[in-house]
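Below: a set of structures, written as structure tokens.
Each of the two complexes below includes chain A, the first together with chain B, the second together with chain C.
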Partner chain A sequence: METKKLNKITALWIVAILVLFILSIILGIIMRLNQGELIKIQPPTFYADMTTHGVTMIGIWFVAGMAAVNYFMERYVKTSYTANMFAMVMTVIGVVMLWLSTLVGNFHAGWTFLYPLPFKIMWSTWATPLFLWSIGVFGIGWFVWTISLMAAMLKKYSMSQVLAWQHFGKKDPEVSTPPFVLISMISLIGVLTCLIAAVILLILLFAEYYSGGTFKNDALLIKNLTYFFGHTIANEMLYLGLAVIYELFPEVSGRPKLKTTWYVALAWNLTLFFVLAAFFHHLYMDFVQPEGLQIIGQLASYLASLPSSGVTVFSIIVVVFRNKINWSLTNSLFFIGIVGWVVGGVGAVIDATISNNFILHNTLWVPAHFHTYNAMGNVLFSLGFFHWFSKYATNHSLPDKYSFVKLAILIIGGVGFLLAFYIAGADSVPRRYSTYPKGLESAKTLAAVGGVFAIVYLTGILSFFVNISKRCLNVLFQRS
Partner chain B sequence: MQQSLLSLFLILSGIIILVFILVYLSSIQSQPQQGMKNPLQKRFWFITIMVVVLGMFFFITIPKSPYYLYANEQPARIVHTVSSQFVFLMSNQDIDPAQPMGENIELNTNELVEFRVTSLDVTHGFGIYNDKYELVAQTQAMPGYVNKLRWKFSEPGKYYILCLEYCGSGHQVMKSFFNVK
Partner chain C sequence: MFKRTFSTLLIILLISNYNSIANNLYDKQDWREEEGIYTRIYDAKIKLISGEQTSIHQLAAKKPLIVALVFTRCAGVCNPLLLQLKENIQIILRKNQYKFSVLVLSFDPLDSLKDMQNLAYRFNLLNEPNWELAVVDSISSMTKSVNFFPVWDMRKKQYDHDALLVGVNTQGYITKKLIGLRSADEISLLISDINNVYRPSYRLPTPANMFTCFNYDPKTGKNTPGWGLAFIALPALLTVGILAFLRLRGKYHS
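Presenting the complex of A and B:
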């Protein structure tokens, strides 16, 4: 793909993602302020807002990872502009369909649209098929993009090379697989697998919807498929972000590129399997699920943390520890993002322990930990890339102004917002409640406090948005 | 218990943040390119410690999973529970899905109770809260399946049932109770 075309499509992704991110944060703030009884919206509106917030956030941070991976992939292999643009068009159409179904049609079955809730119509009848088709439209666009990137890599590397198997037992193999290529492929295999699960899920749901009541699904099977898709895509988007960090962190820090070694290759190959089996932890409280799968869920959730902490996090620490590096806003965002990712991981491992999940499942502990590794992890990975790209593509070499203040606002807002979730989770406050019943004493206050800190976090995001989007719009509309 | 988990989380998070701050400061203050000595060896020990710690947690916590609670005892009481948007019905007898009826439930302290939990429509959560609104036990209520939750209540008092799976626009008002004497 030509550099100019690549820059333009990447800039378009960044602006679209940031605009949708800001709108989705506002939806999130509305929810917390309503729970804190500082504003008042009706429950159906709250839940439609919640559904929009959830699907949009998952979607935009997934495509953010994909856009960044596509951008750097061009350094190694030739990627398809058509596939990238197709994914963009399908994502935009999907977002329009999604927002129409929720904000106009009032569809409010949650981002997990747990069967059979989408079919218990409490909204405009057309909203259910429109919502499901929006997921289908996203899926088609992302499926084509994923296949296209995988095919581009497999044109240059064999399957075993792209998975870095030649690094097992050899210190310097003839072909060295860059870590970026390895991690991207591992993540894309995971993405492809969960998109296939999504296709099966949608076929089953459509079969019931269009059968006129003659075909009924099995709730447990659909729940397994839903979380295989939902959990896996949420994890893979993090790994796409990590691929970018492997590529960019040493580069902007003035350090040598990270290399694939046998333990990096082994860790990422194992990660693929651990992540694909970890989704069972979403079904711990379904006691009819076979016990073996529940135990696999805890084991896989624990094991998934080993390669990520022992290899990825440790590699970043090795790059930084007692090394004079060029600190900039980009690698500061990456570094803080790694901290957010690890801390969120601790919250996740605690919740992925079955005996803890018994008293934490579906309390606010759950949004606490996934917001930690998203809002203070993955978002910072992508913001770091967006910031770097917007400067690099516009040859902007002036130092960043007010970096410390911007980071401080983001951290203060993020930590306050997250702590309100964790404390409420430990106080047994249920998640996904539009308002709280009497008796849950701390819930209302913590929601209001969380909402106020979320506004601070939004202020931090806006401070990044202004400069990044201005430069990206320049890339988009420059003629030569 | 939940407060202990919060403390554990805050302590671990504090240690992680401190380590990253120290790593950052070592970069700011260091002479050019001193680097980490024997990183491979340190990585090995780090992963080994992680494996040991997680392995210990795994083997200690798995037997405490709710599937094994009181598995070898006979329940003294069986409480049939049916959920539907947006009510819980509980009964000492089987509940007829065609004409679901509930009754007031009163349990004794320290008797083994088995809740047989299902749903007539969408998936709900069956979360048992004590009178201080602390979550003490839960399972899911799923259409077409019966989840069996065994529990002994050591404290008398009023216990509340809250829905812990999003089930539609009345999710937040779906609530019931029973007494333990």
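Presenting the complex of A and C:
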């Protein structure tokens, strides 16, 4: 792909993602302030906001990872501009359909749209098919993009090379797989698998919707498929961000490139297999699910996350430990993002442990951990890339003003916002409550505090948005 | 001439098919346990055999209810329903600590309070603390709210109806229904349910459910794997296939 075209479409992705991110944060703040009784919205509005917020956030941070991976992939293989543009068009159409279904049609079954909620219509009747079709439109665009990136890699690398299997036996194999290629491929395989799960899920849901009652779904099957798709994509988008860090962190820090070793290859191959079975931990409370699958869910949660996070943290420490680092906003965001990802990951593993899940299931601990590795993990990975790209593509070499202040605002806002979730979760405050009943006074206070800190976090994001989007718009509209 | 012949034929056709049409309509009524769950039972005014006037919701607010619908001239399922219910309740009371009342309501407008008192006497329920018998004001609204649709059979001079027990919690919500004569275990589940105690239950298979993960056989209590499980493995299998295809294609092009 020509650099200019690639730069333009990457810039367009960045601006679109940041605009949608800011709007989605505002929806999140409205929800927390409502729970804290500082403002008042009706429960259906709350749940429509929750649905919009959830799907949009998952969608934008997935495409953020994909756009970044596509950008760096061009360093190794030739990628398809058409597929990238097709994904962009489908994403825009999907977002319009999604927001219409939730904010106009008032569809409010949550981002997991767990069966049979979409068919218990308490909103405009057209909103259910529009919502499901919006997911379908996203799926088609992303499926084509994923396949095109995988095809590009598999033209150059064999299957064993792209998965770095040659590193298992030898210290210096003939062909060395760059960590970026390995982690991208591992992530894309997971993305492809979960998108296929989404296709099957949507076919089954449409079959029931359009059959007029002659076909009914099995709730357990649909829940398994929903989390196969939902849990896996939420994890893979983090791994896409990590692939970018492996590529960019040493580069911007003035250190040599990271290399794939046997333990890096092994850890990421474990992630490939086990992340696909980790979703079973979402079904611990489903007594019909056989006990064996529940145990697989717990083991897979550990085996998918611990080795990959272990080697990533080790690799980053190797880069920074006793080395002179050119600290900039980009690698600072990456570094803090890694910390956020690990903290959120620990929170996730605690919840994925069956004995703990009895207490933490469906409490605010769940949004606590996934907001940690997203808001203070994946978002920072992508912000780091956005910031670096906007400067690199515009040949902007001047140091950033107020970097420390921007980071400080982001950290203070993020940590405060997350602590309100963690404390409430540890106190067994239930999640997905529009308003808290009497007796949960502390939950209201924590929600209000969380909402205020979220406003601080939003201020930090806005400070990044102004500079990044200005430079990206320059890239987008430059003639030569 | 043609019109008259056509009309006559149509009338003959309609009369001859009346029974099957009526039966079809009857079959289409919602005689299913899962219908109307978590909807509120109609708050009908009722008169208890003690003479006290109250409403269903007021009675339920004191203790969750098992509502049994009968009529006193019933020559069919009402008697076995009440006899078995009484027997089962006695078994359950020995080991179940939950609160509940059984409310026996007549759905026949011809039944008087005296008829219900006689019914209580016949079944030896007059001094049973957990039992209430009553007549109801708005029969059709009440029966409609629990999806109970008795059909009057002119020939037998009887209502054709099923044996139905409706579990109502203290907020007046229908949380569980049982159709037919049921065991003490199942009634015990219903009592837990109306006391808002979670009880796991298995969905019964219907022809509309084609891709189930597991198939529960209520007769044997066994749960066997179903075709739905294949759908969970399918994404991984298809991914392997797509990867193999992409690699072969890549090899060919390079």
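Operating definition for what follows: the second predicted complex is superposed on the first by the 480 of 480 C-alpha atoms of A that agree within 3 Å, B and C clash if a C-alpha of one lies under 4 Å from a C-alpha of the other, contacts with A are read in each partner's own complex, and residues count from 1 in each chain.
Quick note on the criterion: a residue touches a chain if its C-beta (ideal position, glycine included) is under 8 Å from a C-beta of that chain, and two chains touch if they have at least 3 such contacts.
Note that the structure is predicted; figures quoted are calculated from it, not measured.
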Following superposition onto chain A, is the placement of chain B relative to chain C best described as a clash or a fit? clash
Which partner, once the models are overlaid, touches more of chain A's residues, chain C or chain B? B
Can A:V288 be said to touch chain B (first), chain C (second), both, or neither? both
Give one of first, second, both or neither to describe whether A:I196 is in contact with chain B, with chain C, with both, or with none. second
By the touch definition at the top of the document, which applies to A:T214: first (chain B), second (chain C), both, or neither? second
Given the touch rule stated above, what does A:I93 touch, chain B (first), chain C (second), both, or neither? neither
Looking at the overlay, does A:I41 come into contact with chain B only (first), chain C only (second), both, or neither? neither
Once chain A of both complexes is superposed, is A:Y302 in touch with chain B (first), chain C (second), both, or neither? first
A:H108 in the overlay: touching chain B, chain C, both, or neither? Say first, second, both or neither. first
Quick one: is A:T353 in contact with chain B, with chain C, with both, or with neither? Answer first, second, both or neither. first
For A:K156, is the partner it touches chain B (first), chain C (second), both, or none of the two (neither)? second
After superposition on chain A, which segment of chain C among 8-16, 44-52 or 188-196 overlaps with chain B? 188-196
Can you list the residues of chain A that touch chain B in one structure and chain C in the other? 218-220, 287-288
Could you pull out which chain B residues touch chain A in their complex? 1-3, 5-6, 8-9, 12-13, 16-17, 19-20, 23-24, 26-28, 30-36, 39, 42-43, 46-47, 50-51, 54, 57-58, 61-62, 64-67, 85, 121-123, 125, 127, 129, 133-140, 142-149, 160, 162-173, 175
Residues of chain A defined as touching chain B within the complex: 43-44, 47, 108-110, 112, 114-117, 120, 122, 218-220, 223, 263, 284-288, 291, 294-295, 298-299, 302-303, 305-306, 309-311, 314, 317-318, 320-325, 327, 335, 338-339, 342-343, 346-347, 349-350, 353-356, 358-363, 365, 422-423, 425-428, 430-437, 439-441
Using the touch rule from the top, collect the residues of chain A that touch chain C in their complex. 147, 150-151, 154-156, 158-159, 189, 192-194, 196-197, 200, 204, 213-221, 224-225, 228, 276, 287-288, 290
Partner chain A, residues of chain C touching it in the complex: 200, 202-203, 206, 208-214, 223, 226, 228-229, 231-232, 234-236, 238-239, 242-243, 246-247, 249-250, 253-254
